[in-house]
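Chain naming follows the written order as A, B, C and D, and within any one chain the residues start at number 1.
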């Protein structure tokens, strides 16, 4: 049985609609419920819910926490998927890349533009792709969404297009 | 072929998730899309989109507009369904009841606690019930949601329970 | 708390896709799972799974079983919904009407043309309508589907139209 | 804009429920409808519907047809996804591998155990994975489903497990 770690940090992918407040918020993790919809016959997914925040509210301490958990998981040489808000996904990814140095497994960051379970959500597509990418990509820190793959140091969120685009060098 | 009028005014039932703003808003009517999922073999649904507002923002002029359209439609003696935000649904319903006087057909107000198409939405259930109620209820102004039927002068929204309850007299 | 009895007998509404055989079959009841998607705040639904058969395979003994359970439930004067295959729904309904005599509550038969949970299924619509009908219809035996209501002695399945139509007298 | 070819041949992934016959059948292609649910911002998917058959009914002539279309598409050096019934997916894949010789792009075969749009379907997951695989895998003929990747000469369908497993050498 393969193992893949999924670390959740919040972001749009996990937002839920609050009936009492009439807004979408990061209230409780829901990745588990959607992971169960995927068929992963030879893989055990180990989910760790680190935090549940809009990524604009993530602090340096939050990122240090993500780093510490990633470092601990890396000891087992298993691929890692991190679900994350798109607004600062690149920032967290570059921080991890800088701090971790050379890797033996892929670390795949993903998220969504519309929350899981909302009409026209891209959440389950991105989760499916990230888990597949964790299996086939080379070691390194990657952003995977919308059928696209970016090395984290080449990605930039384009807010108007509602997706990531490649940074020109 | 029976005819039923559906007048849309907005409310949570029609809210959509805006990717650019990360919030739920009344931006475009989506009732049509969901009506097409229902089988209504002997009924023609005539949809009129009157406005698309959070019902807390509805003004006296908005309610006069709803009244005017309802009065025009009543000439044909066809039942009427009105989709509406739950916060002031009772207010609009009582206003219609007061202004219209005795009726020959049912007028059914409905809405939702969670937008159509979001996970765990009650929107399609309520729309299904309202269209059924428009067929079988007696003339009068009714609120129909969650398998419940209230004469409009007996209903009150209970915000904590996220539903309507009967007013004690 | 209101009570409504739901008696399940099988039919298309409950069929599931068998991966090993590549066909749709009545293998296990799934009504419960879909009932949980409906908001029924003041109602307790009591489900009794009587059998799970294609209604073309229902025998006289099966119908006697349905009758016996209905008679037992009627003692409590609670409305009854029966999910049933459409092919012999009218036959079962007329048998119940004949054997039961005058009623104090509505008995509502419903089913589906496409199984619950399959794309374009009418199952949840029909279940929603039947539960609403059980609340508002007069005593008697009814068929409720597709926003339509038929007294059981006026209904006939039109196989080509894939729905019920009214019997001409 | 990248281009990826999707060739459809039928199989469970495309089956629909026939209300008139009460069975699942290959009647009309529905891949398009589901492809539109995926976000593929930098990719143009060109769909060619070759046939729509249960793969147990595919003939030698059918496979020659698939081969001819694949050969024609390969001229453009674009990756190819083929949707196919799982029962003879390996047979078709090995035939292509044998006839085509060395490749410059990946050819990815995928399908489903439960039709697209049915509850618990694996169809959209597999389609998502196949399109991602077409982007990142090396040239060769692959089977991609359920987060797994098999070189076509290493795969075998395990009917009981309802998935592919690796052939022992």
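As a working rule, contacts are C-beta pairs under 8 Å (C-beta built on N, C-alpha and C of every residue); 3 or more make two chains touch, one makes a residue touch a chain.
All figures in this text were calculated on a predicted structure; none of them were measured in a lab.
J.: From chain B, how many touching-chain steps at minimum until you land on chain D?
T.: Minimum step count, chain B to chain D: 2.
J.: Among the chains, which is located farthest from chain A on the basis of C-alpha centroids?
T.: Ranked by distance of C-alpha centres from chain A, the top chain is C.
J.: With touch defined as above, tell me whether chain B and chain C contact each other through largely the same residue numbers, more than half shared, or through different ones.
T.: Chain B and chain C contact each other through largely matching residue numbers.
J.: Between chain B and chain C, what's the gap in Å when you average each chain's C-alpha atoms?
T.: Roughly 28 Å separates the two chain centres.
J.: CA centre of chain A versus CA centre of chain C: separation in Å?
T.: Each chain's C-alpha centroid was found; their separation is 45 Å.
J.: Just the number, please: Cα centre separation of chain A and chain B in whole Å.
T.: 39
J.: Please list all residues of chain D that touch 2 or more other chains.
T.: Residues 120 of chain D touch two or more partner chains.
J.: If each chain is a dot and touching chains are joined, what shape do you get: line, ring, star, complete or other?
T.: ring
J.: Taking all chains into account, which pairs touch?
T.: So, checking each combination of chains, I get A-B, A-D, B-C, C-D as the touching pairs.
J.: What does chain A use to touch chain D in their complex?
T.: Where chain A meets chain D, its residues are 37-43, 113, 120, 122, 124-125, 128-129, 131-133, 135-137, 145-149, 161, 163.
J.: Help me check something: in the complex, which residues belonging to chain B touch chain A?
T.: Interface residues on the chain B side: 12, 16-17, 19-20, 22-24, 54, 113-120, 159-160, 162.
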